[in-house]
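Both complexes below contain subunit A, partnered by subunit B and then by subunit C.
So, the complex of A and B:
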């Protein structure tokens, strides 16, 4: 789903790097937003709401919270504006996500 | 804590112009933007600009952004922090809290603050509007024109204003099918040239139509469209389904005003300006003396006017610090430019909005 030829634009892309989505190996360009890399790989569902509804890319400016994911064990990363790096471990987030080390403790409601 | 004369939030056309006014007059200016690249909405505008006559008509937005950033970088006292989000503003000690992409937090004290945060897409209420595949028009543009990723295979465009029409055309240029454009109003809002261009390319435009629902299991698979009567109520018997994997909302923008609320600016609800906007005096001054507003954040318009309101806000901020000997001339020129941009029938909505702001 990458655009290879465009009548006006030339895309400046970073190095091609490997990353993981829910454990599965994928490729993207370093520096592009994580959500764009996932999108190019055909991943549309990034997050599930507390009620279990699927959520995807929406605003692309870091504003709407629809694209929050777990990145390298950290929840609530705004993947539409966070640059992709090699070897990132990116996971679908459910609800508000859990901070590492917080699993066993009670969460505030 | 680091201190600056002027902090500007947002490096779109408004913020960059505001910053240039300060930098040109020798002040310490810091511009902060959460995107990885300066230019705001300009970085995705591949089309030649409409609107402004003498100013930039004919130039592509992407080139304007480069030009402004380059100009700002020639001033040693001007700095641009990218991938940095302003989380909050504390009016008591005029401090901004900024998070960069390494997640470190910095506090900056600014004598003057210019808010040029732009606007965000409006959502439409219909069942399924949260399904993956329902996007704002800006997001579709960002994916396609900045990152070179196709948003999907079959796009339904909602809204036939200039943004809806232009993004439809850009999708076709990227070899993505646009199944239709639906527009709730009985008339196409955007320029006729844009509408006929996409019609010639085979895209039907349904006026007096809207989205009843978006359907799909995990992601968008189809949209239910229906015709609207004169009271804008949907007519059941007219509904039909269109298969699509992208539904692109181009139904207007509303100003991003969180920081202005935090600063304690007096806010006014003006539908013609896109929603809640800070009261301002037409030259960027808000009800809080240290805080100025520029661009779409003060009322949704377009890039050429964002440059002018940005320049005016920048000049007003510099003047309030007693550093603007050429204030009268400089603001005069930009105000005339702005009046010209807002003249004529296309500017009637914004003129009405600015009038009610002053009531």
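So, the complex of A and C:
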């Protein structure tokens, strides 16, 4: 489910690339938000709260923390505003993220 | 009609509330707290929430040791329906210079002599307690397992609720505008909402204590300095103790919620009661903290705030009588008032009521500055 035509906005789409969601191979367009690519692949649960409640795509502007996921071992990545890249390893986050101890230059700041 | 009180405490922080509770517990009637904003709105609610006993002066060691004992049972003592969140996960104090390391050895001797279970650790041993610690340039560390942290809002609330049950009146949003002194005696307090007649005033006004003292015609040698704090997003438990470096002027801890709190003592900070904040602080603390605890570089900050240290010339509090008859001081806590509040509350109450305090605090009186009896605390951030 993607908007391909819009009366005002134009979508410049990147290449179709492969990525992994909890180890499962998926496809999306490079540069689109990770959460959008997951949504198009039918993934609705991105994160579980400390209490174990499922959390999905919500504010879509990087504010609400509902879409925090592990991306390439980095916890708490806001997938609604982080662009998808080829071969990304994206994982459902359960509760608080765990510091990986590895610095990443990809991290949104 | 003139309102009356037996004792008026100016300041509804943890110190004011602890004093009020202990006064009422000892049988004092008509105790009133006047707070210009809300309870814990000043330095108490803005502090780094640490509780440490690893100090360099005898008085700071004793006051903090005695307070730790009280924090351990405070929920029960105050019959608090909540939890003050006292967690004893220790303080790790790291040394990067010989001077610092030598000072730590002296501190350890004093602390151990006073029954504080602190110990020296090699860099290797320090990483067993804090695996994410960068040991580059580290000479050693000291660790005290019974140090920890506690929630300043809940502690203040616990004292305030217990004080209210004992009949203490707490007025918030009530600013003191003057103190009535006649013939060297306290007569009353003028507030925005009217005059309160009282023979005793206790100055527990934190960052504003020097202004309150002037109202009672006393000058006290303290000033306020802004100290900023940064909080990160929460992550899974990673850091047990508070990590503190005196030479780099930083401290950092992970609170139960998962956020990291960190603060920096910047010599160029504003010397005022200002509680704004700056991006320069974020830049500095991020640099220092990620040098010491590199994995924290992965974290985003979520907010920052600041509060005031009320600093005395020897970084020890000023406790006791000062100026006109009936005027008492509990100020100049120099950034560590919260952690010694339980015993300060008891000591001040005893002093005001003419009883024997649980800890001898006579050397912390205002007179020490005139006498030149300063014992400077070497271990402050």
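Observations on the model:
Rule of thumb we're sticking to: the second predicted complex is superposed on the first by the 92 of 109 C-alpha atoms of A that agree within 3 Å, B and C clash if a C-alpha of one lies under 4 Å from a C-alpha of the other, contacts with A are read in each partner's own complex, and residues count from 1 in each chain.
The rule we apply is simple: contacts are C-beta pairs under 8 Å (C-beta built on N, C-alpha and C of every residue); 3 or more make two chains touch, one makes a residue touch a chain.
As the structure is a computational prediction, the values presented were derived from the model and not from experiment.
Legend: residue contacts after superposition of the two complexes on their common chain; A:45 is shown touching subunit B, with no touch to subunit C. When the shared chain is aligned, no partner comes close enough to touch A:89: not subunit B, not subunit C. When the shared chain is aligned, subunit C comes close enough to touch A:75, but subunit B does not. Of all residues in subunit C, only 132, 233-236, 238, 258, 294-300 touch subunit A in the complex they form.
Contacts from subunit B toward subunit A in the complex involve residues 34-36, 46, 60, 62, 83, 85, 101, 118, 120-121, 130-136, 138-139, 142-145, 147-152, 173-175, 218-219, 256.
By the touch criterion stated above, subunit A contacts subunit C in their complex at residues 74-76, 95-104, 107, 109. Taken together, the subunit A residues at the contact with subunit B in this complex read 1-3, 6-9, 11, 13, 31-33, 36, 39-40, 44-46, 49, 53-64, 66, 80-83.
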